[in-house]
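Next come the structures, one after another.
Next come two complexes built around chain A: one with chain B, the other with chain C.
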Partner chain A sequence: MPGHVFLRGDDGVTLRTFEPEDVEFFRDNRSDREVRRLLRNVRPVNARAVEADLEEYSPNDDSARFVATKDGERAGSISLWAGDAPNGTAWMGAWVDPAFHGRGVATEAASLVVDYAFEERRLNKVRTGVYATNEPSKRVMEKLGFQREGVERAQVLIDGERVDSYRYAMLREEWEGRP
Partner chain B sequence: MPGPAFRSGDRVDLCTVEEDDLDFLGDLRNDPEIRRRMTMVQPENAERLETWFEEHVSEYEGEGAQFVLCADGDEGERERVGYLSLFDVSRPADHCDVAYALAREHRGRGYATEALAQAVDYAIAELRLNKVAASVLTRNDASRRVLERVGFEREGTWVQHKFVDGAYRDVHRYAVLADEWGGA
Partner chain C sequence: MTGPVFRAGDLTELRPVEADDLDAVQRLFSEPETRRQRRGGVAPQSDVAMESWHEDDRDDGEDVFLVTADGESLGIAQLRRVDRPNGSAILTWLFDPERTDEQAADALREMVGWAFDEQRLEKLTAQVPVPAAGHGVLEAVGFVEEGYYRQDRYLDGEFVDVRAYGLLRSEWEG
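Up next is the complex of A and B:
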């Protein structure tokens, strides 16, 4: 397995650095119908486009992008797009390879990224968006204690249907004070 | 290895275009018979294909989509069978054009029909387009049948619109509209 372990979580989940060897894994998942419909990724993304993404990301980007692994296998991707240091907010986004759905990867990976955001990056708020039809991701957010802050009505068109997008966020004091 | 399936029909996948596909696409796009039907007259060498791949296929700017069509061969191996392109996306009029070609040895099995239906559904359901159009030489009966099977209707004829095989040729315009589309 290429890359370096950056964060180690429970249940065999780790977050590794994103490396050129991961390009095919990203390409295959971002093209997968089940994954991409929830990312609202409507463009075919080939390996070259993922490489260009990776080149752009390193080394002058203050976002953090990780490959999530489960028991030593690539299982998904999670990123924290910082970029608003004065306000101390960042956007979190993730996807999980369908072969690993339902195994707690997203919950553990998101938990690691929230810890990282507050404890290492001194951020104050982590935000994310979940489309209304995405029940598994809504459960992840609620399990972690994210608050639903609002609804963007009919925000996206998924396979011909207008779907609401929910905004969720976690504040540092809520995260630190959780049971 | 061809790229992953971005959309799938029963037997044909619309796959991402990868660098490894350029040789196959070069054969297809330079093929004397195919390029006459597609009314393409420029030789496309490796350098031109590479530029097209970098600037047209792999870039995020602009709309449109390129696909290599793949199917399972007789021994279950994955084979490239053709090419499909959505281009000339116009907003806010919300229409685009589609073009497609199958390699000679993969014709006559309904692959083009299946791939075209997936492409139309992608354009309408995922890209929010209202109309997908195609130009076809009036003498290209095989391609006209594909369009009609998928539900395209003839909108008109552009007279003497292309120069092919030593003469100006007529082109039929076909289109399918979102409110007529029942799904792939």
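Up next is the complex of A and C:
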């Protein structure tokens, strides 16, 4: 069973606490080539490594990690990290299990995390990076109204090619003023 | 004792940071004019904090250098978030306001040479808040503007924008 619901969204999407029962789900996705190539996860990750990650992780002032579920099933993961309270900024990062691709999980999960960042954590800006070849994630960011603030040229190595990284960001005033 | 010269440019040197240099670094981390250039500059840095900063185990390639001119400290420079598979890193620095732009550019060129010619990195990025100095220095080193990050820092009671720059190994070699 996935952990407790922490944020409840539309279309059956919820964000839940990260629990020991989620280890296998994380391990399998972080090893899946389709998922890991866009995370730049180049090292093999076994269950023990995910457990160590879980043990090291505690929800503190700087970060928050969630398991995203769709209709009660584990569908992906989304986090706020590298939170910088004085400057009011944090990074958002997510992945979705390929079985749930194209079902609106990323869009709804990101929308919940942005709400949470501004309304509960009093942040001012949420940033994220999307590699140029990742069309689905670019569509998610644009659908949510994130602004593209820059292109880091040839920033990462994906399948042997140097690929640009797009920087997207949402400001609190833009999120609150959206239609 | 000042440490040995690790890389020498035309006007400046990069040296390992020795215990005797900590007072100069602590001043940069404390003076209002310089400390706020650091993202973490809101926290006061005691002697004890400086010792632990000095003893901090940094990953290979993220070592801090003391930048000097004729042996006198001008500040520090460091690569951060060195990412080996991607070959990327962020170039950061904190210089004494008395330094000249030519000295700053010379020291940053040595940092870039260390990153590309010794560590085989592929891509460096750097950021400068819009109200701060340093844009011209980065451009003189060959960095190209890659982004404009809105409300990315909070300085003197307001959010300020940041310009982002990048430099590729191929541009450096050219």
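The working rule: the second predicted complex is superposed on the first by the 173 of 179 C-alpha atoms of A that agree within 3 Å, B and C clash if a C-alpha of one lies under 4 Å from a C-alpha of the other, contacts with A are read in each partner's own complex, and residues count from 1 in each chain.
Keep this in mind: a contact is a pair of C-beta atoms (placed from the backbone, for glycine too) under 8 Å apart; a residue touches a chain by one contact, two chains touch by 3 or more.
What you see is a predicted model, and the numbers here were worked out from it, not measured in a lab.
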**chain A residues touched by each partner, larger count belonging to chain B or chain C** = C
**Prompt:** Counting only touches as set out at the top, which of chain B and chain C does A:Arg162 meet: first, second, both, neither?
**Reply:** second
**Prompt:** What is the contact status of A:Pro44 with respect to chain B (first) and chain C (second): first, second, both, or neither?
**Reply:** first
**Prompt:** Does the superposition put A:Asp28 against chain B (first), chain C (second), both, or neither?
**Reply:** first
**Request:** Kindly classify A:Arg122 by the partners it touches after superposition: chain B alone (first), chain C alone (second), both, or neither?
**Result:** neither
**Request:** Kindly classify A:Val151 by the partners it touches after superposition: chain B alone (first), chain C alone (second), both, or neither?
**Result:** second
**Asked** Of the two partner chains, chain B (first) and chain C (second), which one does A:Asn87 touch, if any: first, second, both, or neither?
**Response** second
**Request:** Check whether A:Ala52 is in contact with chain B, with chain C, with both or with neither, and answer first, second, both or neither.
**Result:** first
**Message:** Under the stated touch criterion, which partner chain does A:Leu171 make contact with: chain B (first), chain C (second), both, or neither?
**Reply:** second
**Item:** chain B and chain C footprints on chain A, overlapping residues
**Value:** 42, 157
**Prompt:** Tell me, which parts of chain A touch chain B in their complex?
**Reply:** 27-28, 31-33, 36, 42-49, 52, 157, 159-160
**Touching residues (chain side chain A, partner chain C) in the complex** = 40, 42, 84, 86-89, 124-125, 127, 147, 149-157, 162, 167, 169, 171
**Asked** Which of the residues in chain B come into contact with chain A in the complex?
**Response** 3-8, 14, 16-19, 53-54, 57-60, 65-67, 124-128
**Request:** Flag every residue of chain C that touches chain A in the complex, lowest number first.
**Result:** 39, 42, 83, 85-88, 122-123, 125, 144, 146-154, 159, 164, 166, 168
